[in-house]
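Got some structures for you, see below.
What follows is chain A paired twice: with chain B in the first complex and chain C in the second.
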Partner chain A sequence: MNVEFLLPEARQNDDDVEMIDVSDKFVTPGETISVDAQYMRFGINDITISLCKDFKHYSLSRSHGTFSDEKDGIIKSSLAGRVEIVNKLISVRTVHSRYNAEIGDLIVGRITEVAQKRWKVDINSRQDAVLLLSSINLPGGVMRRKTEEDELQMRKFFSDGDILAAEVSGTFQDGAASIQTRSHKYGKLRNGSFVSVPPSLVQRCKTHFHVLSCGVDVVLGLNGYIWVCKHTPSLQDVDSETIYSHKNEPISDATRESIARVCNCITSLARKFKIINDSSITLAYEESFETQHID
Partner chain B sequence: MSRKELLNPAGLRVDGRRATDIRRISCKPSVLSQADGSAYIEQGNTKCLAAVYGPREPRQKSAILHNRANISVGVSFAPFATSERKKWSKSDKRLLEIASFVKQTFEPVIQTTSFPRSQIDIFLQILQFDGGTIQICINATTMALVDAGIPMNDYVCACTAGVIQNVPILDLNLIEESSDSPEVTVAILADSEKVTLLQSESRLDVDSFQAVAQLAKIGCKEIRNVMDAALRKNIKDLFGKMEAKIKTDQSADFRLGLNLSRRLENFKAGPIIRSAVNGVRYTHIAILSGHQNLGGK
Partner chain C sequence: MPVLISPAEREYIINGVDHNIRADGRGRLDYRQIVVETGLISQASGSARCRLGEGTDVLVGVKVEVGQVDMEGDDEVIRERKSKRGRVICNVECSPIASQQFAGRGADDFNNELTQTLDRVLNGPQGGLNLEKLCIIPGAQCWVVNIDALILDYAGNLLDMVFITTRAALHNTKVPKTIITETEDGLEFDFSDDMEDAERIEGWENVPTAVTLSKIGSRHVVDATPLEELTIDARLLVTVNKDGKICGVQKGGSGSIEPSLLNEMIQTGGTIGQHVIQKLDEQLEREEKEASKKTGSVGKLGFFAAI
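And now, the complex of A and B:
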C-alpha cells in the first residue's frame, strides 16, 4: 500500500495583482476609478442602498458619484470630487452638490406651500420635504389628537415663508424627505436672522443647537440653512400658544448687533469655504472685533 | 460673400491661426455664489457665463416628470455681445433653438433618473459673441454641471469645424462663420467618443465630411483637457480650503488665515442690524457677497 505524504511548502503567492490605492484621488466625470472587481459601488435600486444608511457621516448624492459600464464592471466616476472608500464600498464626494437628506438629520427649512394635511418645506434638497400635520406637536398637550378643525387652521401653525427646525424622519420612494417637529427642540424659529451656506460646510455633530458666548443662539441645519437668533432659555416649559407665534419678542439693540455680526461671520466663513461649527463661528466672531467698526 | 482672404497662401487664417488650431480657451468654474454650479468660459473672443440651479423642486407642477429630472435651458445674449448694440427678445427663435440643442445634448448624459420629480435649470448668457455659440454654450454647461455636482456619465465637449478653400479648418470665428463656407458643430462624450450632437446649417461635401468631423473631434478633446484641468484644480482647492480648517481649528493660523478684516472693512452696523430681525433677511448677505471676479478680470 502506497501512502503519499505532502510536506508543507510555501504557499503560492497570488498577490501578483497590483493593488492600487485609489482613495483620496481626485476624479472627474467619465474617469475610471477602478477596474478591480473587488470593489462595490452604491446602486440606486439594489440592496446596497440600505447600506448607505450606516455611513451617516458621508454626505453624498443619491447616486454616490459612481456608475458602472454595462458588463465589464469598470467603476467610473460621474462627479468631480474625491474618491472615498469604506471597506469595499467606493463613492465620490463633492463639495457643491445639494443636500441629501438622511434619517435623523437636523434641518432648517422654509415653508413653501400649505397643502392637504401637509406642508411643503424647502430644505435645499432636490425636492421639497414633506411635513405632515400628524408629525407636528399640536398646541394643547403632546397627547392631543388632531381633529378636522386642525386641518382647517393649518396656517395658524405654519404658513408660507415660516422658518422651522425639524428632523428628517424618513424618505419617500422618489427621494423626497419626510420631516417631523415632534419635540420641544424643533418647531417654528423666530427672533432672528437666516443665513444660507453650502451644505458640505456643516458637519454632523452631537448637537446642532448652540448657545454662543455672545448671547446668541445658532441652529446649524445640516442642509446648509442656519438660523441665528436671540437666546431663549429652554423651550420645555413654554406656553403651547407661543410655540406657533409669528411675533418677535422685543430684542435689544446689543442683541441685534450680535445677531448681525454672527450672521456676517458665518457668511464670511462660507465665502472662505471653511467648515462651520460653534467653535469656528466663535473664533470668527472674536476676530471680527479686531476690525474697524464704522457707524 | 466676404472679399476677405480667409486662408492666405501661407496657410494662416484671418486671426493668424493655422487651419487646425483652436482659439485660446480660458475657463473658470464656481464664479457665482448663489448658483449651485457656475462657470465662465472664453474661447477666443466668444465669452459665455453658465449658471446651473438644481436639482430642485420644479416651479411649475406641469414640469414634474415622475421618473426623471426635467432639464430646462435658457439662453440669452447680452445687449453688448455683438458689435452692434441690440436688445434680444426672450422668444428669439435663434435663442430657443440653441437652448433646445443644449437640452438635447445633455439629456442622455446627465443621470436624470437619480432625481425623479425635480428640475435642473441651466442658464446661459453670451457676454461677447465671435462665432461658435452652440459649442461655447455646451462647453460652459458641462463645466457648470460638473461644478454643481450633478452626476454625468462623461464630459460633453463641443467644437466646430468647417471647410475653407478645400482645407478643413477647426473652430471657426465670426468672420469665417459668416462667409459661405460650410460648418459643422460636433459634440462628443470625451471618453467614449460617442456623438451627442451633430449640427450643420450649410451644404458640405460628403467626401470632406469625414475629415471635418475628425478634426472637430480632435478639437473637442483639446477643449476637454483644458476644462478638466480647471475643474480638477477647483475641486482640489475647495477640499484644501475645507480641510485646512479641521487641522488648525483652534490655532492662531486659523485666526490669521480667516482674513476677516478685509471682508468687514465695509461693515456698517446700522442698516445691517435693522435688517437682521425685521424681515429683510438678505440685506446683510447682499452687502458681503456679490459676484466674485470673473476669469482674471
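And now, the complex of A and C:
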C-alpha cells in the first residue's frame, strides 16, 4: 500500500536532475533561431525556398515554422518546437502536433474499425490510416492468393483494438496514409505494453526495432506510439499462424518489471521533452536504478 | 485516449495484476503520485487542485454564500430538521479538453453520475460537515456551500481524485463570521469584516474520501489507469472517513463480485482510505506551515509550473 502526496514545488525540483542532453534546441514563437544569413528557410513549396538575405516578401510565403525580418534577415521561429537543421535548410517542428505520415515511416497503430477489404488504423494522425487486405501477409505463404474467404474472416487477422507495427506505403489525396505489413518485421504486437509520446520526439533512424540490454524489445513508431515488449527472437522462421495470434507468451516477473521500467523511462523522457531513441532510453534506464525504489 | 484495447494487452494487464506487477510497475494497492495544491482561486472561499501521476487533473472550488434554508418536504419532522441546516450543493463537470470521450455531449451522463455520487456522500448523515453550524437564522438564512469540481485532464481514477480534492478544498475553505443581533423585526445578522475572523468549515476533517477498487481478473487494484479501466469486470467505490468507518459502497461496471471478494474489497478499501486521508492531512498541514513561513515573492506555481 503506497500513497504519496507532494507539493507542486517538489515535483518541480525533480526537473533539475541533470541529464545528458541529446536533444536539439527548443524555441518559442518570436525567438531568434539564427542570425546567420547562410541558412535557407524551408518552404512548403519548393519554390519558396530562397536565401534569407534576399528574402523580401516573407508574409507571402508559408514556411515551416520560421519567418524572417525584412530588414536584418534574422531568422525567427513562428512555432514552439525543435529546430531542425539539414545542411543549410532550417525548419521548426512543433512538439505537440499530430503525426504527418511520410512514405517509408515505421509506425505503430491501433485498429479502430474493420471495413470492406480494409482496416482503419489510428496512427495519431489527423485521419485514420488505411490498411488494405491486400497489403498484409496472409498466413500460408507470401505467394498465396487472396480469396473471398479471407475477406469474410478479416477479424481473424486484425480485429478492433489490435496493435500493429506497419510501414507507410503512400498517402491518399485527402492526406490519409496507406500502410502495409508485408514483411516479417511488421504485424501484430504482443507481450508488452503501449506508451504514447509526442510524435516529434521520435526521430527517424536506421532502425526502429531495438533490443535493449535489459532483454526488452522496443518498437519506436515515428507517430509517437511506442511498443515495449518481451524480447523475442527474429520472426523470420516463425510459422505464419502465430503472426496473428493474440495470445501472450509466458512472461517472467523480472521481464515484466523491466518492461514497466522502460515504459516509465519513456514517459519521463517525454515529460522533459527529450529525444527518444535507444541510447536515451538506455541511459534513462540505467539512471533509474539510482533513484529511490519503492517496494 | 484509447477506448479500444487489444486482447494481448488485456491479457498482459490481467496477468500483471495477478503477479502484482502492473503495467507501470506499481503493485496492486499502490497509488500514483498525487500533487496537491490549495488556495489557488482567489475568488473562491476555498480551492484545491490535485494531479494524479501524469494525468488526471481535478480542480475544486468551494464558494460559501448566504441563501434560504431548504423548507421543502411533506414530513413535518424532516422540514423542521431541514430548517436548522445549511446546504451543500455539488457539481462535477468534465472539461471537453480532458479527453476525447468528453467532447460534445458525451460527458453529460458522466457528469450527472459523478455529481450524484459526490452529492449523496456529502449530503447524507455520513457527510461529515456540521450542517447545523452552517445555519445562520433557523428557518430563514443559512450558508450554502457550493462545491464545484472541474476535471481538466483524465487518466483514470476520477472519483477518488474528486473526493480527495474536495476534502483538500474544504480544508482550505473559510466561512466569514456572522454576528446575529436581535431587533424589533426579529433576528438580523451581519458579517464580520475582519478576514482573520473567518473560520474553517466545521467538520471538514470528517468528510469521507473514496477509494475505487477495480476487479481485474480475480484480483482487485486501486487507482486504475485508463487501459486498466478497459479490462475491469466490476468496480466498487468505498467511501471512508478518517476513523476508517465505511460511509458508503457503490458497485459499478457490468461484472459481478463474489461475496467473499466483496468483503475483502470493502476491508482493503477501508484501510487504504484511512491511509489516504492520513497522508493527505499531513500534506495539507505541511503546505499550510510552508505557506505561513514563506513571505515575499513566490515562484512559478500551479498552472504555470505544470509542464
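By our rule, the second predicted complex is superposed on the first by the 202 of 295 C-alpha atoms of A that agree within 3 Å, B and C clash if a C-alpha of one lies under 4 Å from a C-alpha of the other, contacts with A are read in each partner's own complex, and residues count from 1 in each chain.
The rule is short, and it goes like this: a contact is a pair of C-beta atoms (placed from the backbone, for glycine too) under 8 Å apart; a residue touches a chain by one contact, two chains touch by 3 or more.
Computed from a predicted structure; not experimentally measured.
Of the two partner chains placed around the shared chain by superposition, chain B is the only one that A:279 touches, whereas chain C remains out of contact. After overlaying the two complexes on the shared chain, residue contacts for A:251 are found with chain B and with chain C alike. Residue contacts after overlaying the shared chain place A:126 against chain B, while chain C stays out of touching range. In the superposition on chain A, A:112 contacts both chain B and chain C. With both structures placed on the common chain, the touch criterion links A:98 to chain B but leaves chain C unconnected.
In the superposed model, A:4 makes contact with chain C only, not with chain B. Of the two partner chains, chain B is the only one touched by A:81; chain C is not. A count of residues in chain A touched by chain B and by chain C gives the higher number to B. Once the two complexes are laid over each other on the shared chain, residue contacts for A:267 go to chain B and to chain C alike.
By the touch criterion stated above, A:191 is placed in contact with chain B and with chain C alike. Within chain A, the residues touched by chain B in the first complex and by chain C in the second are 112, 191-194, 248, 251, 253, 256-257, 259-260, 263-264, 267, 271, 294.
Residues 1-12, 110-112, 159-163, 188-194, 246-248, 251, 253, 256-257, 259-261, 263-264, 267, 271, 294 of chain A touch chain C in their complex. Touching chain A in their complex are the following residues of chain C: 2, 4-9, 11-13, 15-16, 19, 21-27, 29-31, 33-37, 54, 227, 271-272, 275-276, 279-280, 282-283, 286-287, 290, 299-302, 305-306. Residues of chain B touching chain A in their complex: 30, 33, 36-37, 54-57, 66, 69, 111, 113-118, 146-155, 189-192, 228, 231-232, 235-236, 238-239, 241-242, 245-246, 249-250, 254-255, 258-261, 263-270, 272-277, 281, 284-285, 288-289.
For chain A in complex with chain B, the residues that touch the partner chain are 26, 28-31, 44, 61-63, 65, 67, 76, 78-82, 94-98, 112, 120, 122, 126-128, 174-176, 191-196, 200-201, 248, 251, 253, 256-257, 259-260, 263-265, 267-269, 271-275, 279-280, 283-284, 287-288, 290-295.
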